[in-house]
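By written order: A, B and C. Residues from 1 in each chain.
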Amino acid sequence: MRQLALLGLVFAALFFVPFVVTSEAWQNTILMTLYAALLGQAWNILGGYGGQFSFGHAAFFGTGAYTVAVLQVQLGVNPWIGLVAGGLMAVAVAAFIGFTTFRYGLRGSYFALVTLAFAEVLRILANTVPFTGAGVGILIPLDQSAANLQFASKASYYWLVWAIALAAFLTVWWIGHSRFGARLMAVRDNEDAARALGVDPFAVKMRAIMLSGLFSGLAGVFYAQYFLYLDPAIAYGPAISVESLLVPIVGGMGTLFGPLLGAVALHGVSEASRALIGDLPGISLVLYGTILILMVLFAPRGLAGLVRRLSARRNSRETTNV
Amino acid sequence: MPDLAIIVPSVLNGLTTGALYALVALGLTLIYGVLHIINFAHGALLMVGLYAVYFLHSSFGIDPYVSLLIVPPAMFALGYALQRGIIGRASHGRDENILLVTLGLSIVIENLALFVFRSDTRSVDTPYSFEVVEILGAFLPLPKVIAFAGALVTAALLWLLMSRTDLGRAIRALAKERKGAKLVGIDVDHVFAMSFGLGIACLGVAACLLLPSYYVTPQVGHGFVLIAFTIVVLGGMGSFVGALVGGLIIGVVEALGGLFLGESLGQIGIFLIFILVLVFRPTGLLGHKV
Amino acid sequence: MSETAQSDTMLRVEGVSKSFGGLQASKDISMSVPRGKITSLIGPNGAGKTTLFALITGFHKPDAGKVSFFGEDITGMAPQDIALRGMIRTFQIVQPFAGQSVRENIAVGAHLHIRSRDAALAKAEEVARKVGLGDRLDMDAAALTVAGRKRLEVARALATDPKLILFDEVLAGLNPSEIRDVIPVIRAIRDEGVTILLIEHVMQAVMSLSEHTWVLNQGELIAQGPPAEVVGDPLVIEAYLGKGMAERIARQRMTAGGAHA
């Protein structure tokens, strides 16, 4: 319950950010940070709580993004409907990938590679078929109105991503406090032992990948509506997959607040580097890669793990002092 | 239906490309077979090799084939250092951690290259770049024929090294039984790093053979890395013969797929092979290990 | 109700065989476990005891034969479906969910029939006290001692409210005083109405706990009966100590007995 209260507090505070921060540039930075936390939290459901490391979350993200864009541009479907459809299509893709891989017990590095291959197949398909605009990409016509899920103000976009992120974080809180979550973590930590206690690993992993896909897909819908442009490399390229896994790995996999910590840390670092050395191509990714290596080498439990370790050390020191 | 006059050159072309794929995959499969590591940075390291060959040519006028004496040893040293300094320390008992670290390495290397070299496409201009050779009525670029022969020779040399030298014996012992190898006094960390170095040296050879008929950009490795993974799983993780045969098969599949389906759908064929093999035959089609 | 003879047998194994590659791990095994009792399965190392457990609980599929539980054919069913029917196994090499607390570990078992998280955690606490882990509820399971982990295996199985528990060497690796502590725990489980089948190496435990024992050697059942009788069976002695031992022991006994007479 304390965790839920803290979550409520954090999101309540986040809700008021646009009233306090009025600079558009800063609003954008905070928005992108929250969006990164959303991407990371989506990955965290499957990777952090389920122990299934996906290298291809772009498959879900891109499907959500393309669904809302194509429905609007080719069929004139309202993007609010597209929002739901995008989420559902991402769930469908997740179910397909989950079924083909988990049914045959694919795990570990093999699962990572197969998800990557799925994302690549989708990228090539999006590059080939005409209705996605192929390699040229797809442009959503500018028509700013709430009915159109397009907003003139950054603040409104911010609240949109805030709402989706809140849903994702609440879902993860629930995972930490439910039978489903207990089973998911049991499968992550020891699949055979979980089976012996009556847990069906396939069913549990399927639910996890579908939930994970849902929030990645919704992040994709948000991206499409915010930038109003997509191409196969943006939607299905490796950058999204990497950002999705990097955020929770830096922040702390399998923890509720890890993705938020990770997103803040990564965006903090890239903002700082921009301020210090200017906006050079590739530099922020060099930093991201370096951080990934350092985290895996020295803090495999992420920032959340570091915080816990430090506070544990302080506690033990206090008790010894007493 | 295209006739033989188109299919034969296409197959031959596919075989020459496939031999280079095989060389890249050979390094990957060696590393996997011994260390049980999936080296995600393989493509990025190939790119490093290609840039090395490129700059040796453009700055010092060294012919790419002469670079065979320089680049593979340098790549060997780089691989040795990476394994000892970074990759070997990362696992904490989980395979995925190694995958993540090599992913991190590939991101760093690629983006450093992007930062230093920009995304310009560079290629070398040699007197023989546009020479052709006639084989079975098909005209093939000379550099590709040389690459084909070079790849086979390298594979043979690697096989000799593995079967005839003390190092090869130590590597094979380690691949089979880690604990046992440690017991008989093999310096495990050293042999691991030597294996990784050898795998990366293969990339150095591939770079020298590839550049005269190809190009280099910071992202050039992308195209190779998933293909190399496909070959490795197709041939059976850790199998030399499998990597060689798998490479040739994939080269031909890509060439014919491109011919019949268009270039990008041809690529999908490769990924579908990859997914199907991993899902249904994770031990590979030839199902046989080092 | 069905005929009593049928309902007295909880688990029945009929003609089960399994081979891995060329190795025959189980040969035509038939055995049964009566309701409400502690039955044991003994045999030398490599006799195929753990394989038989895996065949019964669905972790391996038998090549031939039938396993039935409460009269229902469960051959080839997935482990989780078998667990759902009330048959739970533990592992010889303990398998804690590392990184999770003792309470959380046990709750995974409790969740088999309890949906509510709070109720499952409460049940976990209750079971932990029963097996003597009440003081370590919030400890990381990976930090437990070997004896602690064995108790955790027992607790997780118990928390599922099983009808039959298959214990795979829960006493192995424990020192004599720890064994003395755990034996009453197992007996208490039986007294609550849970049927138990245990694989055990510690003969003293087999003798004191089980009413009936089955002896497995090289994948085959070679003897069965009350433990006290079975340990005197020449076939069993030979299986454990090698050929010729039974005769020698018998001869020694005779001479010893003769001297007394």
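In this section, contacts are C-beta pairs under 8 Å (C-beta built on N, C-alpha and C of every residue); 3 or more make two chains touch, one makes a residue touch a chain.
Keep in mind that what you see is a predicted model, and the values were worked out from it rather than measured.
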Far-end chain from chain C, centres as C-alpha averages: B
Chain-chain pair with the highest tally of contacting C-beta pairs: A-B
Length of the line joining the C-alpha centres of chain B and chain C, rounded to whole Å: 51
Centre distance in Å when chain A and chain C are each reduced to the mean of their C-alpha atoms: 44
Centre distance in Å when chain A and chain B are each reduced to the mean of their C-alpha atoms: 32
Contact footprint of chain B on chain A as seen in their complex: 53, 55, 100-101, 104, 106, 108-110, 112-114, 116-118, 120-121, 124-125, 127-128, 238, 242, 245, 249, 280-283, 285-286, 288-293, 296-297, 300
In the complex, chain C residues that touch chain A: 57, 59, 78-81, 83-84, 88-91, 95-100, 104, 107-109, 111-112, 114-117, 120, 156-157, 160
Chain C-touching residues of chain A, taken from the complex the two chains share: 177-179, 182-183, 185-186, 189-190, 192-201
Residues of chain B defined as touching chain A within the complex: 38, 86, 89-90, 92, 95-97, 99-101, 103-108, 110-115, 118-119, 218, 222, 226, 229, 262, 264-265, 267-268, 271-272, 274-275, 278-280, 282
